[in-house]
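So, here come the structures, one by one.
In what follows, chain A forms one complex with chain B and a second complex with chain C.
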Partner chain A sequence: MSRPFLTGYCLLIYAFLLAPILVVVGASFNAGAFLTFPPQGLSFRWYITFFNNEVFMRAIRTSLWVAFVTMIISGVIGTMAALFHVLHARRSKDVVRIAMLAPLLLPEVLTAISLLFFVYAIGIGTQNMVGMIIGHVLITLPFVFINVSASLESFDPSWDMAARSLGAPKLVRFRRIMLPMIKSGVIGGCLFAFIISFDIFTISFMLKGVGTSTLPIQLFDYLRTNFTPEAAAVSTVSIVLTLTVVIISEKVLGLRIHRF
Partner chain B sequence: MTEVSIEKLTKSYGNARAVNAISMKIAEGEFISLLGPSGCGKTTTLKMIAGFEDVTEGAIRFDGQDVVNTPAEKRDIGMVFQNYALFPHMTVEQNLAFGLEMRKVPKPQMRERIAKVLDMVQLKGYEARYPRQLSGGQQQRVALGRALVIEPKILLLDEPLANLDAKLREEMRVFIRDLQRRVGITTVYVTHDQAEAMTMSDRVVVMFGGRIAQIGSPTDIYERPENHEVAEFVGQVNLVQAKVESVGEGTATVTSPLGDFTLPTKISVKPGNMVSLALRPEAIELSKATEGQPAATVLASYYSGALMDYRLKLDNGDELHAQTFPVNRFAEGDRVALHAPAERFWLVGVSK
Partner chain C sequence: MSPGKTKGIGPYLLIAPAGLLLAVFLVLPYLNIGVMSFRVPGQGTPYGEGFTLVNYARFFADSFYIWQVVNTLWIGFLTTAICLVIGFPVAWQLTRPNMRFRGLAYGLVLSPLLVGIVIRSYGWTILLGNNGLINRTLTNMGLIDSPLPLMYNALGIIIALVHVFLPFMILPIMNGIQGIDPSLEAAARSLGASRTTAFRRIVLPLSMPGIQAGCILVFVLSLSAYVTPSLIGGLKVKTMAVTVVDALIDTFQWPFGSALALMLSVTGAVIVVIFGRMTRMKWKVA
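Our next item is the complex of A and B:
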């Protein structure tokens, strides 16, 4: 293939990926009363409306909180599962992998309905956010597992042996040798967990605690009756939040440091 | 300094025995090499000494104390790996400090010991570098330093030079050998490279199929190999047909195309037996052919700078490989006389 053709092809793919986002961001600065693109005049009025909308603000706080808790739980369980899978599982290796990836294979709606039955069967119900968080963990777990497994595959067992020969007990070896080497995988997996959890709709829709709402659900509710650019403003804020999380983690925690 | 003794050490995987009841004693400060082809059990033996492999049967004693049930992290060993296994997220200094931190050595003393070792491995000024910023040889020296800085009872090296290029490998051989002499640490070195084992070791342990074929000084191994397998593994061997004329007390007198010899023999032979005489290529000297001398025809000659290799054909049709200094050169088709001292021959087995 010729070079100009390839360049054009790449540009098309980028356009395909980014155009919807640009349209949403553009529409959010709309001065008019309806969600249209191109925007009719520029203004921040819908942002102001959004930030003054207590319902949306509560939803965004709930979403951030749920995403954070989900990230921590998924991060810990997913990392432990990956450690077992790569380092210790022998005959059970394939079974463990398939079991860990199963949530990816099931339609989310099915997972959500089954989980709904489950939380009522064991008496948790949907009075609080426990059921929803279980659902979020379930959906995000495979992403942590895959990321950490991948980074563990490149962990050289002789590093561990070297540390043993130098007199390091098991926990010290984990903390000082293994964890730093798989750090980028763990952080990457946790980021995925956070971002995906922030975005989950179906599970949250079925399992959200009574009287609570996450941002995607609140947005859906809103769009059923309203069609103002406020929805675009909400989406834009959500995009910015996600991007911020990614950029901050990359800068502060240093995903690039450990490339060698 | 520590003396290591290994008694009937065995490692089984199911029914397969990777290491089969081997015993050896390693003296204080001795440099010993485990030499053998891949799969001979040398690395498994090293890992058992280090504590990375469980022992199926037998004992490993450091200064008389059985360490079989001591975990690796408490055996007080220094180990150098084939791929160096430096911690990539730590600087040279942090790599060296790791073992000292585990031993809770106080900071000022730690700095002193690291500086001393860095000096020993000639890496002063490299403290702040990361392993990826070092060449292969430098990484190898950091690995050596990291193993030595903890002043372990024994030093274990698992094919440490296998990943280096030929020239560096030769330099590192001398470097490691000198360092080991200076520190005086008991050392076990695993390699499949006979030249490495010969140049570095006080004694070489040749292993085949999980068993020890021979333990001896490099000279013993090379010039007085226990059997033909050892002889073949540690160097090139010529085999010449010979006939037993008479048998004495542990000796046999044979006639061969290279002359008549009386040789010590470990195998039992009878007069009239056909046997093979083994001879190293460099034991043969060549001169211009004269009457009455065993002679051969030059088939081909190869010049490699320091040495000259010849492919020769005896009058009975057998081929020989001879290696000489390139002083008198012979060309293809030349007739040459062969001289080989009796003490460089050994008998290897009866052929029908």
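Our next item is the complex of A and C:
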């Protein structure tokens, strides 16, 4: 393929990737009662409707809460696992890696169904959010693991040994050598876990209890029966929330988040 | 690599929480779903006492379910093939050393991943619907009289699935191509190979691991997709994943739902293994 042709082709694909997202954002400013094209004027009315809709507002609060708790749990145990994998695992290295990535490699719908049966089998049920959060932790764990492991790749054990030979106790070595090394990986992994958790659908859908709908579930339920641009306003707010987290992490904190 | 000796149980405490979590809430549930598929269907309860093969018998006896699996596999196959064909050139361009705006382009490829799957599917319903953007535009331009059937069929599902999973094809291929030493291609060219030949004989074979990883990822994701087929296909076209989830959520047929889910998973896994054999894949995880 010649260069200009290839460039043009790629631009088409980028347009294809962006199209449905831009359409949603555009539709949210539609003044009309239905999604019509061209829009019947610009308006924020659907945002006002959305902010006054207690069902959606509660769903947003639930989503933020679930994502926050998930991020903390995943962040702690994912970081610990990554430290073990890079620093201590030897023969078990491959096994640990495959196990930690397993939730990513298994079909989410199957994981969700299995987990649903299991939480009932052991009596947790879906009356509270425990089962849902466990599912979210499973799905987000690989991302923390990948990010922290990547930040440790350039770790040189001789630094730690040098500190030890100079008499630094274990805790000081961790705080002064290890922590600065992995900090960006931990923060990046945690923020990514937050975003992923905020968008998780299938796990939440199967494990939701009464009154614990997250935003994606509420949106999905709404879309099955309604066609007003309110859904577009909800989506746009959700996109902006995610984008804010990404921009903060990449521009303000200067992190490079590893997705794979 | 290990600093000093791994002494005592100390280090194992680091892996214990994650290990325990995965063992209890991933391994056990997967074993449990296998057991569940042999349970007796319940009356008024999700499942009854004892074990039976009746759930699998019901699957094989009803051509409706078998056709649905075939249909789902076909949609997965087409989605994967289209992703490969349209994704490869993008991955190729992104790895060219002199590419401008690489950061921006890379960001564009990743951007769909940051938007929830419900929202992306919703975007496609706005585009593809009978009163959607595409049909409206074509009607207004006088090109069509009645709306094109873009939604509530396999075509719409495939279009949206290609969009949702394209980044999962592009990223592994990019990683694959990046690992190729550029001097190999230069050497082939200096020995008189045309650009096409150098591409076909050097670049393509060497990027196979990335292509395989991308294909498997997209295929598996397509088979288990729920949101997109459910919103785009509506009640008319159902993939297996949609049938399974609905059987569990709406009618509480746990044992039968498990059997259906496992039949789809096993078929998918067999196809992945056959694909690996055919393309002489070296199995390696990430």
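As a convention for this text, the second predicted complex is superposed on the first by the 230 of 260 C-alpha atoms of A that agree within 3 Å, B and C clash if a C-alpha of one lies under 4 Å from a C-alpha of the other, contacts with A are read in each partner's own complex, and residues count from 1 in each chain.
The rule is simple: a contact is a pair of C-beta atoms (placed from the backbone, for glycine too) under 8 Å apart; a residue touches a chain by one contact, two chains touch by 3 or more.
Just so we're clear, the structure is a prediction, and the values are computed from it rather than from any experiment.
Participant: Using the overlay on chain A, decide if chain B and chain C clash or can fit next to each other.
Facilitator: Overlaying the two complexes on chain A (C-alpha atoms) leaves chain C and chain B fitting together cleanly.
Participant: Would you sort A:Met161 into first (chain B), second (chain C), both or neither based on which partner it touches?
Facilitator: both
Participant: Mind computing the angle chain B to chain A to chain C from the CA centres, in steps of 10 degrees?
Facilitator: 100
Participant: Quick one: name whichever of chain B and chain C touches more residues of chain A.
Facilitator: More residues of chain A are touched by C.
Participant: Now for A:Ala33: first (chain B), second (chain C), both, or neither, which partner does it touch?
Facilitator: neither
Participant: Mind working out whether A:Pro169 is in touch with chain B, chain C, both or neither, as first, second, both or neither?
Facilitator: The first partner, chain B, only.
Participant: Under the stated touch criterion, which partner chain does A:Ile177 make contact with: chain B (first), chain C (second), both, or neither?
Facilitator: first
Participant: Output check: A:Ile248 vs chain B and chain C. Expected answer is one of first, second, both, neither. What do you get?
Facilitator: A:Ile248 sits against neither chain B nor chain C.
Participant: Minimum Cα separation, chain B versus chain C, post-superposition (Å)?
Facilitator: It comes out at 6 Å between the closest C-alpha atoms.
Participant: So chain A touches chain B in one structure and chain C in the other; where do those two contact lists coincide?
Facilitator: Looking at chain A, the two contact sets intersect at 161, 164, 260.
Participant: Considering the complex alone, what residue numbers of chain A touch chain C?
Facilitator: For chain A paired with chain C, touching residues are 1, 6-7, 9-10, 13-14, 16-21, 23-24, 27, 35-37, 76-78, 80-81, 83-90, 94, 96-103, 105-111, 113-118, 120-121, 134-135, 137-138, 141, 145, 157, 160-161, 164, 195, 198-199, 201-202, 205-206, 215-216, 219-220, 223-224, 231-232, 235, 238-239, 242-243, 246, 259-260.
Participant: Please output the residues of chain A touching chain B within their complex, sorted ascending.
Facilitator: By the definition above, chain A touches chain B via 156, 158-159, 161-169, 172, 176-177, 180-181, 258, 260.
Participant: Contact residues on chain B for chain A in the complex?
Facilitator: Per the stated touch rule, the residues are 50-52, 71-79, 81-83, 85-89, 98-99, 102-103, 130-132, 146-147, 150, 156.
Participant: For chain C, which residues are in contact with chain A within the complex?
Facilitator: Residue list for chain C touching chain A: 1-4, 6, 11-15, 17-19, 21-22, 25-26, 28-30, 32-33, 36, 46, 86-87, 89-90, 92-93, 105, 108-120, 122-127, 131-133, 136-137, 160, 163, 166-167, 171-172, 175, 220-221, 223-227, 231, 241, 244-245, 248-249, 254, 257-258, 261, 265, 268, 285-286.
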